[in-house]
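Going by the order they are written in, the chains are A, B and C; count residues from 1 in each one.
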């Protein structure tokens, strides 16, 4: 095996994994708190890609402002989703009553279709190429050749992920969220505002996903269904890493990035997206709690 | 009939939202038959082959929606792979015909068996999975199969599509074939629901643990629901293959599943008539409005959200509510 | 010959021994009370008996045949019927259909099941709510319904897990009368309950557990005046 190639593949895989992590952390938190999967997660990514691209190109703001704005737009979408569609779930107002999981699947699935088709109609089905953060197209780091934008994006991603992980571990709200994830009823009895925690988690999730969409928009251009693939990747990662575990999601993201990177070259380029899917099915069948998650009890 | 509970605790029970469930199902069955009867008469008024084709595709979706409804609405297993089994059925008859010269009729039969078998296997595999885990597994299964179909260009010709012989020279033949199949499957579903199978499937949907405690063979019935649903979907897919005379991986796109789910939810999930009404409504309207501006998909998706949030029984539930309001009883 | 033989059942969860070498025999027609403070392992034992948990050691014989590895539905067919502490019924099906599920699942034909369902609805005084969805019933009515589910086909042994907990006195009456009348016809029961007056009234024999082990197994009055039992409840040797 060519060492230079291996290093290049590994580093690129890790960088891809960083972007996956931005997507997966939020989804994992949502599952930890609400025990549901948000099937509209990919659309938060899409919204971020569009927000960044359109604000930078159409409105003309500099990229360094457009980026955080994209985050905020994603957070706003996340907040709205939780407030209008998810909040009633726990208050018991939905007409589905006990079939909570199924309600979440259908409602977020519908939301996903709604957003995709809305953007398709209002903005148009054509792809928009987002502006790069840095205009240097080729940087050489040892054996690795990488674009300026990708390197910058990777660094930003590391910073954001680190801040998020730190907040989750040490901040007041981070601890509250983890308490709710462990035991919702107990947490609310202890005085924790579980509704607030859910809100924050959805906002964070939407913001991070949008951020990922924005960072990747120069490469994966903004189009209505651009979020579908990132979403599937994040579902895979959340299961692999253990639903509800942020460190698990980060590790699984990096791992998946590397696996896909090597797999595309040494196994099959066409089926590079299938590795993750295959892993997902295996894990769901034999180890649904993932690498770091907890096993639930039934009776 | 007094609404006081037996304990005399003073609690007043809400008026029933369900009569004897066999009575409820019977009403749904009759209305569904009426709808199909109306559909049968439409060619007398409409002769435009384009619109007849639209109706045929609606019936294709009605079968898929009904099959998904059996699995999700009646058994509580929310699989995201209904379109995949249609695709499996389509490729079964397509590949058998192309490489082995199997005549279409046998190809369709084979498609039912293949899809049913794969559905049975998938059902056994996902037995212990619930809610989001089940959805994710079936979603990945769907995507993997679509990728395989798309990438196996040597065998399936990928996105170019596989040519398939047609059966009829006119649309009318297809119209009544699809209608006939839809009617037969409706009757079969009705019979199933009225039998003990119907009781068991709904019990599993409501509470699997309680069902097992009561002696229901949960493994058998869940797998059976998967197999039957898949077989029916494969049947529809195979028919569609010969209708469109082309099989592509697009049949298995998640968007197709999205349509199927939307149709069922809007029509009324867990009812006999919901999927049929939903399919016709959503597909015909979306074709009709396509020329007028095309916001129909946005509206349908919004309806799915609203219905899931507020009207679980969909349009059928709303219709029943209005009917009950008008009757003074 | 005993109906139910429980021999050396052990169940551990990680480092905790929930059931510690429990052994007893139940003869046909007995109404045995299973008592003990919270956390003594009663529900775990019941879970094992009804197939919802697998023991780490020991065996269970029903009518002389081993119940090893059987799932709840298989045990139901053998005649082991379990009522849960947290009521489990089929909420989106009406009362009649709920009962029909149980009847048909255990082999009754449509007509026989319907007749039996009607009889039980009568006996449990659920007539006025028969057309309601189970989810619309009051808590007590749901309990009565679950009761009915367990007796559509008379089981070999009925395992009742705290049936009287938080239940209206009128319902207790109905349930108590039901249990008494079935018992007189030879039905075997294991009744887990904290309600001592009821245990004294209904059960001729009581088994007391504490910290996973059986500390007393004798006629009810003797058990209740057993010092070890009293200490267990008052916290002397509590888990």
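Just so we're on the same page, contacts are C-beta pairs under 8 Å (C-beta built on N, C-alpha and C of every residue); 3 or more make two chains touch, one makes a residue touch a chain.
For clarity, every value in this text was computed on a predicted model and none was experimentally measured.
When chain centres are defined as mean Cα coordinates, C lies farthest from chain B. Once CA atoms are averaged chain by chain and compared with the all-protein CA average, the nearest chain turns out to be B.
Chain A and chain B have Cα centroids separated by 31 Å.
Chain B and chain C, compared by their mean Cα positions, are separated by 41 Å.
Chain A and chain C have centres, each the mean of its CA atoms, that are 47 Å apart.
The set of chain B residues touching two or more other chains comprises 209.
Multi-chain contact residues of chain C (touching two or more other chains) are listed as 52, 91. Chain A has residues 299 in contact with two or more other chains.
Considering their complex, residues 72, 76, 78, 80, 125-126, 129-133, 135-137, 139-141, 143-144, 147-148, 151, 209, 254, 258, 261-262, 265, 294-295, 297-298, 300-302, 304-305, 308-313 of chain B touch chain A. Of all residues in chain A, those touching chain B in their complex are 31, 35-37, 39, 85, 88, 94-96, 99-107, 109-114, 117-118, 120-121, 228, 232, 235-236, 239, 270-271, 273-274, 277-278, 280-281, 284-285, 288, 298-299. Partner chain B is touched in their complex by these residues of chain C: 50, 52, 71-73, 76-77, 81-82, 84, 88-94, 96-97, 100-102, 104-106, 110, 124-129, 131-133, 136-138, 140-141, 144, 149, 152, 168, 170-171, 174. Residues 1-9, 11, 13-14, 16-21, 196, 199-200, 202-203, 205-207, 209-218 of chain B are the ones touching chain C in the complex.
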